[in-house]
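For reference, chains read A, B, C, D and E in written order, and residue numbers begin at 1 within each chain.
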Amino acid sequence: MDWQPIWITLKLAATTVGVLLLIGTPVAWWLAHTKSRARVWVEAGVALPLVLPPTVLGFYLLIALGTNGIVGGPFESITGSSLAFTFSGLVIASTLYSFPFVVQPLQGAFEASGRNYLEAAWSLGASKWDAFISVASPMALRGYVTAIVLGFAHTLGEFGVVLMVGGNIPGQTKVVSIAIYDHVEALEYSQAHWLSGGLLLFSFTVLVTVYAFNRRLPVHLS
Amino acid sequence: MDWQPIWITLKLAATTVGVLLLIGTPVAWWLAHTKSRARVWVEAGVALPLVLPPTVLGFYLLIALGTNGIVGGPFESITGSSLAFTFSGLVIASTLYSFPFVVQPLQGAFEASGRNYLEAAWSLGASKWDAFISVASPMALRGYVTAIVLGFAHTLGEFGVVLMVGGNIPGQTKVVSIAIYDHVEALEYSQAHWLSGGLLLFSFTVLVTVYAFNRRLPVHLS
Amino acid sequence: GEVTVAVASNFLNPLKTLIQEFQKQSGHTVRTVSGSTGKLYAQILHGAPFDVFLSADSERPRLLEQEGQAVAGTRFTYARGKIVLWSADPHRINADGQNILHRKNFRRLALANPKTAPYGKAAVTVLKRLNLWTSLSPLIVQGENIGQTFQFVATGNAEIGFVALSQVGDPRLKNKGSRWIVPEHLYDAIDQDAVLLTRGESQPPARAFLLFLKSDPARERILNYGYGLK
Amino acid sequence: MSTIRSRFKIQYAGFSLETDLNFPAEGVTVIFGRSGSGKTTLLRCLAGLEKSSAGFMKFGDAVWQDESKKLFLPVHRRPIGLVFQDARLFPHLTVRDNLLYGYRRTEPTRRQIELDQVVDLMNLQPLLDRRPQKLSGGEQQRVAIGRALLKSPRLLLMDEPLANLDAQHKQDILPFLIRLKREMRIPIVYVTHSLSEVVQLVDTLVLLENGKSVAAGPANEVLSRLDLAGKVGPSAVGSVLTATVAGHETEFGLTRVQYQDHSLYIPEQPLAVGSPLRLHLLAQDISIALGEPQAPTSILNRLPATVLEIGSMESKGSAVNLKLDVGEPILATITRKSLAHLNLKPGMQVYANVKAVKMVHEIEEY
Amino acid sequence: MSTIRSRFKIQYAGFSLETDLNFPAEGVTVIFGRSGSGKTTLLRCLAGLEKSSAGFMKFGDAVWQDESKKLFLPVHRRPIGLVFQDARLFPHLTVRDNLLYGYRRTEPTRRQIELDQVVDLMNLQPLLDRRPQKLSGGEQQRVAIGRALLKSPRLLLMDEPLANLDAQHKQDILPFLIRLKREMRIPIVYVTHSLSEVVQLVDTLVLLENGKSVAAGPANEVLSRLDLAGKVGPSAVGSVLTATVAGHETEFGLTRVQYQDHSLYIPEQPLAVGSPLRLHLLAQDISIALGEPQAPTSILNRLPATVLEIGSMESKGSAVNLKLDVGEPILATITRKSLAHLNLKPGMQVYANVKAVKMVHEIEEY
């Protein structure tokens, strides 16, 4: 059994979720609390990557991230290495693609807890940042769990984009989903079944654990 | 310009979202309110289709829905027509694949509004069903909007599953995402760009409209 | 009558022009369903409504025949794939393309996944026969199919790549970039077989189409697209 | 007399409710107790919002819950009106639609009250088209009461409905609750931590302590039990007397009532001469004199009384409760110094003086 | 004297707040008004939770807000403690961590109070490890007060903090608020719709009506203004007198105080002889006599007084307010019948009788 794709997949999913949380949190926060008119446009923009077929999105990303692309070009001239066909490129692509799955639950959670508890935290001497960390985030814990689960699962299952941007380089960008796909295409059905079964079992175990833990969280808003 | 894939895509997305809401609502409701220990298992199960690469999921669905499959076989012997390579088959596949995107936001919304308002409704003579319709649903309106947007967008962009189960049959199961993919494969880049651009523009317009409307909804829980 | 042809993606473009001609001649209509060979194969096994299968290899049609999904004796090679080392840069590859491979003055070499795509398998054979496989394999990026491999190269993300001659032979790309047509002794023939599926057995237009594919004018067109023939 | 019989047992970590109550299905039953004593929990049990393992509840002849027979009438089938401690107005509906929510779910033939009436009574006109979340705390509570009333319930359950209301609004709403009870003959179970708020209303009093009922019965009896005086708090200890309207002195805004052989003045009541009527006397509003005053005073009401019993002197503090007989037993609170000064002993004849203005809030029509 | 100066203007659909207030930055300032009069809104402005277009606020010498200079000190930088009308306890923290939330964010050197003290005072020991959502309404409110106190604020803003508490808990907490004010010298702005609740506390009174301040000033003055009597409600009209402790009668649980030339009895206070002290007299607890009583009565306190002014007779109802001079002006409420009966006229000499037990809740140490 080839463990490398599994390891890369997990690394990709974990990194992507990390980046997603880092970027998604402020965006979700802004969306939940702003009164700006720009809000609906940003909201729509966030959901947009969903609309394109992954392979097509991957195609455009390949163009953008490539040596001559508007992102990849400058990146290459600064760092000397390209983005396409690298792990970093994969992370960027997956992040873009899974973005709505992280932003939406977070936004929902932030909206649900509202301003009242923040006001209480401020009045107790917490700065906006402190109140966010010590009140808004833990109260949005269930939103975070949903965001992480969706983001992680979606990255695990990601395929079209990854294939296109990653170039399926063994040990670098060859992830499990591609490996399974290869087996199916190559008529190696039993390998495909094993790998799929393993992925499902693993994911199911993780999910059950996460949800069981989530269940025990004390935060209910009502 | 070939309008057929567009029409089929919209029909598929709309039907899928319809089916998703119909099935997803009771599931989300149950997940939000049950104290059963089965809950975490169901919760994990719902997220599971996400984990498999779409093509692989599509492959297994093909096996299940095909002429000799455990679903498709009986279906065919009863109705005389197969499920794989038909529009109905596509709807089933998309529904399964987009299930978590509908269930999760709904569940979140139902959990956020909690039991308190339901208790008030019951005490005012509303049956469980009535209270669900007249109180829980409108209060979860924003959750519904998120669910519909994610479900619709995800179905629009769906590709791997659809390609596998649907068989890319023009006029029946050839959707926009596949059409774009075909154009890219066939080096017809300008058609691909136009179709992608159109899809994006259309989706963006719909999304902005939906969110702008959503903004005006009076329901905020705090 | 109507006939549904399942075709490997790499042959879709030639097929389209062939179909125009066939429809004009016969009055039948042809619907095409394109995809990767592996996918189409799985779909046929599970009851896909296809009449004719134009594979990218010879193995899948043979398997279908064995499994009774295809009509025995109808299988034949409709085209033989040729691979080409190609770059979008008009000056990168000169007449003897081997040079660039030996000099390694590129960062990425694209080829199709050898496990799933016959063109990928052929490309690997080429490298092995040139004794370059070990030294070049770190530079390889794999497209899932030959179409994706072409995009890697066309967008410049891979400087060079092994693609199908039929792709760069596409009239819309005539003389773009630079190329080295790989000598046929460096790889095993990529026989692309066609077969009549059981569903098409009773459909005269399906047989008519296969006959048309064997006809001289059709073969001529196929050759023009950069394929060889048996 | 039709009654509400109930028996509940609820176990929480650190708290348990265990009650077995039987109170009349008419008039106002006040459930009184300190914060955390289980009032809300008991009310929820009555409403059918908590399922207790060994619960039983019967409203008149109708059994609503009998766990031994697996019988449980769900909340929405119970003809109750429920006012929550937090208002719980539906955020997606305007005030008007909130008010009409229960009304629309009531069969037209069973409706006893209309929107306009409730709007007038609760002073809700300016709020009708507003959203609940923009209302002040008291405004929300008024809407919540109105909403429950518009369901025309046969039993009204209220959880501290007036806690967030100012005195004026309380005074506006209380008479309506009294009318509810009288005209619609609708029994009310009223949870409060402030007896003085409902002293005008209460017929039956249930005293909760730590999830147990420590006293239950006619308010009159419970309130005049000397041993409970410490539990209900100084502003609630008192007594209830039944009197008859004897005449009106409209020029002074007073009504004269006959209690036993004595005339008492109370603020004018719109009642015919001869009507029966109840008076609430707060123990702390009664002062004691040993004889008739020589100099005129502003105190209009004076009842000859016999000292029956003198409350415990153990408790520290300055006050002591007396039980007096004025035909019925009433309580009076005086200082221990006065007790010594007047040298009061059981059996002594005294006068109980009551300021009439103090009866404004302690009066209830029957 | 250091003051809190503020000027706010807030516009909502159907409601506007427009205030210009200046009250001392010490003692307790009560903001009083009917439900919906804008009390919460005003408090939020003071806390810095509402930004009003032309707002201005100065706490002592520190300008917290001056919109004309674009100056606005954000909420978390203001040394305030805020108790919300709804408790707003953090659902993800235990009661203990809720209590410590502000404490941990206060510099150790600025801390004036410790967890144990607050737990004792608010009776929170059994709740410490519980989750807020499982607490009863009153329990939540006590935790919220404790949480605000543990921040050691320099200004305490409280929005109806006792509305959900029973009399006993009110009595437990009030003395602590008094001590807060006295020992920590922490000014309190206290919003309530029930003046009787805070009559022990109030130094300065602001009367809100419809978003405007209709009266503001020392409670004493505002409360004894005859024209406002109708607005504050019968259970609040009253007066404040300053007296001195003259001695203790421990056997009766009483303290004797000297007011002008007169001795008065109040429930025993733990104060040294000679300490100054304030008395609250509720108008409705005062009765009038034209001379000394012949027969002994239980009324211990009697002040000679001169009738200064007689309130409007226009209002219907049985009661009328008098302004009496006992050295300072005080108010008394009697029936119109008594007024006629006693034939009271400005300038007449009378006695004002006050029951000592009634002063239990109306006493405040200075």
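Operating definition for what follows: a residue touches a chain if its C-beta (ideal position, glycine included) is under 8 Å from a C-beta of that chain, and two chains touch if they have at least 3 such contacts.
Keep in mind that what you see is a predicted model, and the values were worked out from it rather than measured.
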Can you list every chain that touches chain A and also touches chain D?
B, E
Would you pick out the chains that touch chain A and also touch chain B?
C
Of all other chains, the one whose Cα centre sits farthest from chain A
D
Can you tell me which chain pair comes out on top for contact count?
D-E
Farthest-lying chain, centroid of Cα atoms versus that of chain B:
E
Any idea how many Å lie between the Cα centroids of chain B and chain E?
59
Whole-Å separation of chain centres (CA-atom averages), chain C against chain E
90
Measure off the straight-line distance from the CA centroid of chain B to the CA centroid of chain D, and report it in whole Å.
55
Taking each chain's centre as its mean C-alpha position, how far apart are chain A and chain C in Å?
36
Contacts with two or more other chains, residues of chain B listed in rising order:
55, 59, 116, 184, 220-222
Listing for chain E: what residues touch at least two other chains?
86
Indicate the residues of chain C shared as contacts by at least two other chains.
39, 42, 151
All chain pairs satisfying the touch rule are A-B, A-C, A-E, B-C, B-D, D-E
Give every residue of chain A touching chain E within the complex, in rising order.
116-117, 119-128, 130-131, 134-135, 138-139, 141, 218-221
Quick one: in the complex, what on chain A touches chain C?
59, 62-63, 66-68, 72, 82, 84-85, 163-164, 167-169, 178, 181-182, 184-187
What residues of chain C sit close enough to touch chain B in their complex?
4, 9, 12-13, 31-35, 39, 42-43, 45-50, 147, 150-151, 154, 167, 170, 172-173
Help me check something: in the complex, which residues belonging to chain B touch chain A?
39-41, 43-45, 47-48, 50-57, 59-60, 100-101, 104-105, 108-109, 111-116, 142-143, 146, 149-150, 153-154, 156-160, 177-178, 180-181, 184, 192, 196, 199-200, 203-204, 207-208, 210-212, 215, 220-222
Inside the complex, what are the residues of chain E that reach chain D?
12, 14, 33-36, 40, 85-86, 126, 130, 134-139, 141-142, 160, 163-169, 193-194, 233-236, 249, 251-254, 265-268, 284, 287-300, 316-319, 332-342, 351, 353, 355-358, 360-361
